[in-house]
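Next up is a structure, given as structure tokens.
Chains: A, B, C and D, in written order; residue numbering restarts at 1 for each.
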Amino acid sequence: MLDKIGIAKRIAQEIKNNYYVNLGIGIPTLVANYIPEGINVVLQSENGLLGMGPFPIDGEEDPDLINAGKQTITTLPGSSIFDSAMSFGMIRSQKVDLTILGAMEVSENGDIANWKIPGKMVKGMGGAMDLVASAKNIIVAMQHVNKAGESKLLPECSLPLTGVKCVKKIVTELAVLEIASEGGFRLLERAPGVTIDEIKKATAGKLIIEGEIPEMKI
Amino acid sequence: MLDKIGIAKRIAQEIKNNYYVNLGIGIPTLVANYIPEGINVVLQSENGLLGMGPFPIDGEEDPDLINAGKQTITTLPGSSIFDSAMSFGMIRSQKVDLTILGAMEVSENGDIANWKIPGKMVKGMGGAMDLVASAKNIIVAMQHVNKAGESKLLPECSLPLTGVKCVKKIVTELAVLEIASEGGFRLLERAPGVTIDEIKKATAGKLIIEGEIPEMKI
Amino acid sequence: MIHKVVANADEAIRDISNGMTLMLGGFGLCGIPENCINALVKKGVNQLTCISNNAGVDDFGIGLMLQNRQVKKMISSYVGENAEFERQLLSGELEVELVPQGTLATRCMAAGYGMPAIFTPAGVGTEVAIGKEIRNFNGKDYLMEKAFDADFAIVKAWKGDSAGNLIYRSTARNFNPVMAMAGKITIAEVEHLVEVGELDPDQIHTPGIYVHRIFQGQDYQKRIEQRTVRSI
Amino acid sequence: MIHKVVANADEAIRDISNGMTLMLGGFGLCGIPENCINALVKKGVNQLTCISNNAGVDDFGIGLMLQNRQVKKMISSYVGENAEFERQLLSGELEVELVPQGTLATRCMAAGYGMPAIFTPAGVGTEVAIGKEIRNFNGKDYLMEKAFDADFAIVKAWKGDSAGNLIYRSTARNFNPVMAMAGKITIAEVEHLVEVGELDPDQIHTPGIYVHRIFQGQDYQKRIEQRTVRSI
């Protein structure tokens, strides 16, 4: 079973050389720390920055320089700044190669819900709806089950949707799965020490298991 | 009867303090030279400049700095440069107070034709269609009759239109006229030494003459 | 050049009245028009519709206007940092229209570019699409979203000149340029007000034609919402 | 950072082939990609559709490609400086689609911003409107105009870095930024190619994400179409 850092490390393996990547808040933000050596990647922050660098050292925080999670950050040589319309312009026109974000629920046809719990939470969708509606490749980083122990991989989402038929891959503490074109969660890899039965038990939606399922290499 | 400079001088009187103005090619360009003292005006050039200055002095031409007529120009303190999309964005959103342009024909309901003579001339509309479709106030600077002696103020345009019901005022070598809301060319002023009969003879569209018609003050 | 300078925030917002629609620049607390917000709180104008990506925090930014019950409706993409906001919303005191962030930005840009509506795939198949026209282009569905219509846009820039030209600094740019284009009247507060001629025309982000009033802001706090540092 | 530098124009245009659609930046002869145009002429690729505000003059710019009969169709707003163009058009050798200048710019921007279509009042009631959907918003008619779809966009900038970030100079900016965003592949030629880190992130007009290939241009002529001076 993976911890958050393990999930981030496994997702980092999905990043290919010369990718432009948008990282959501939470686990996705951690992915930046584990990008393999020799892989060139440019991080896009949808508040208007390409080439996001690491957090600043203490005392060098700049209130004018934040990421989409409102964290103080830095730029890198080659960074560029732009306004919000251009930022989502490049997202809509699919210049961003990969979007990694969290989710409350994912359905077996690739729907995602991550912005609202009716009557309880009204934080808003931020840029998530724009990202999932346009991104060529969307990977979800999340826990396999919620705090009540219920599966977050469902036949259909119960919460208000963020986007439909858009998720390509899911990385959880238990497994790597992809959305099959015919519908269903195709199991690709097991987390170290996790059995297929454990994954079955934690997956409410249709789980597709074909052949040997290898263990992840982290 | 006015010469081109006279037409430009008369039109210059229409420019109010703190106006943003777009000047077309030809007579409209001359208007810039006769803006009254004490009137602040900013000239917009649709290729991407606010705050167009005078032509450069000999030897200081910059090939990167031209107006929409492709003439070498200069900037002024307070100028700004932008791309073509923003330039027409500010035109469409009516931030430009006044557009002055030439015409081949104007109809009595304010239609204008100035971009094409079928089978003969195919230069294109450039920015004229955008300007006439959006400008709050459009003044046409032109000769009252064409080279063949035919009126250019018509019941209906015979040439392909640039825009419909958009011209507000016309200044020719003979007269100042406005488009009446009910249709027709309302005569406002005569050029020095020009009689009403001469204007009538040169105007094919409906001419509205109410009360005394004063002579222009240039 | 046309002179746009006013003395201060109070003068800049003098004719903002009850029931108006305002756009307010900024992302989180970054690049928000602090001086104008404080002046609006002081003036006490209310029943406002505010278009802003976020709603501030409880004791800063638009949060101050919420505390003061000046806001009738918020149009935002993310409002998750504000307990008073959540209370007013759940109690029904505050109307909220949540809009995808890119749609919010593009509806501002559409207003500034004289485009009455735009098409975006964001929100297709979700409750954001309810009641909206859906249109298929090249096999993909898009929502038609309308340009915003705001009485005032209030933005914060780093530098500005007396002709209203603006330059933003770093990610404090965010929504400010698109909102600056979109107000019937646009007010800009700047950290550094300079004379015309001091800004390079090639570097201006918002041309002065879009700005009606500009003033030198005072006492910027520029609060940081999530101070995050790394160990060396 | 992602490295975008290629050796020269020939390498940059290596895979442009017959029948493709190209966008070419510039207004008149100002800010045109001289090096790439010369390389296209040398390569002799033909049956091209060219989207460009103007068509050059007889012996410079896109005029060279017209002389060489490489262009099947021009999509432009103003083509009045080119006798060979007019001859080919009147003889039927050349297809021409004339587009209002603002519509041309905005259809490029729409492609770069992932918007399949835009609305503009330009051309309503004229032959430009023939066959197009008309839509009324707030009492005013607008045409729906589609985003362009170009295989390559070819632009010229003043400075650029190896990550593809671009800065334009003065009115040589014109169509270049909107076309840079719009190509499936975007090629930028620059007067000054610099290392990453030398350009201020706040001053970049075209972020590198939009640019796929960049090279240091050579021997710029930068011809002036209408040299106009004043007496002192």
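By definition in this document, contacts are C-beta pairs under 8 Å (C-beta built on N, C-alpha and C of every residue); 3 or more make two chains touch, one makes a residue touch a chain.
Remember, predicted model here, so these are calculated numbers, not experimental data.
In terms of C-beta pairs in contact, B-D outnumbers the other of B-D and A-D. Each chain gets a centre from the mean of its Cα atoms; the one farthest from the centre of chain C is B. Taking the mean of the C-alpha atoms as each chain's centre, chain C and chain D sit 33 Å apart.
Computed centre separation for the pair chain B/chain D is 28 angstrom, with centres defined by C-alpha atoms.
Averaged C-alpha coordinates put the centre of chain A at 36 Å from the centre of chain D. Here the CA centre of chain A is 56 Å from the CA centre of chain B. Looking at chain A, residues 49, 75, 81-82, 85, 88-89, 91-92, 134 sit in touch with two or more other chains. Within chain C, contacts with two or more other chains are made by residues 106, 113-115, 120-121, 169-170, 173, 201-202.
A list of each chain pair in contact follows: A-C, A-D, B-C, B-D, C-D. Interface residues of chain B, counted against chain C in their complex, comprise 18, 20, 40, 42, 44, 49-51, 75-82, 85-86, 88-96, 134. Within the complex formed with chain D, the residues of chain C that make contact are 106, 113-121, 137-138, 140, 142, 146, 167-170, 173, 201-203.
Remark: chain D residues 27-31, 53, 76-81, 86, 89-90, 96, 98, 100-106, 108-109, 120-128, 158, 169-178, 205, 222-230, 232 touch chain B in the complex. For chain A in complex with chain C, the residues that touch the partner chain are 45-49, 54-58, 60-73, 75, 81-85, 87-89, 91-92, 111, 122-130, 133-134, 160-165.
By the touch criterion given at the top, residues 1-3, 111-115, 161-163, 165, 181, 195-197, 201-202, 204, 207-210 of chain D touch chain A in their complex.
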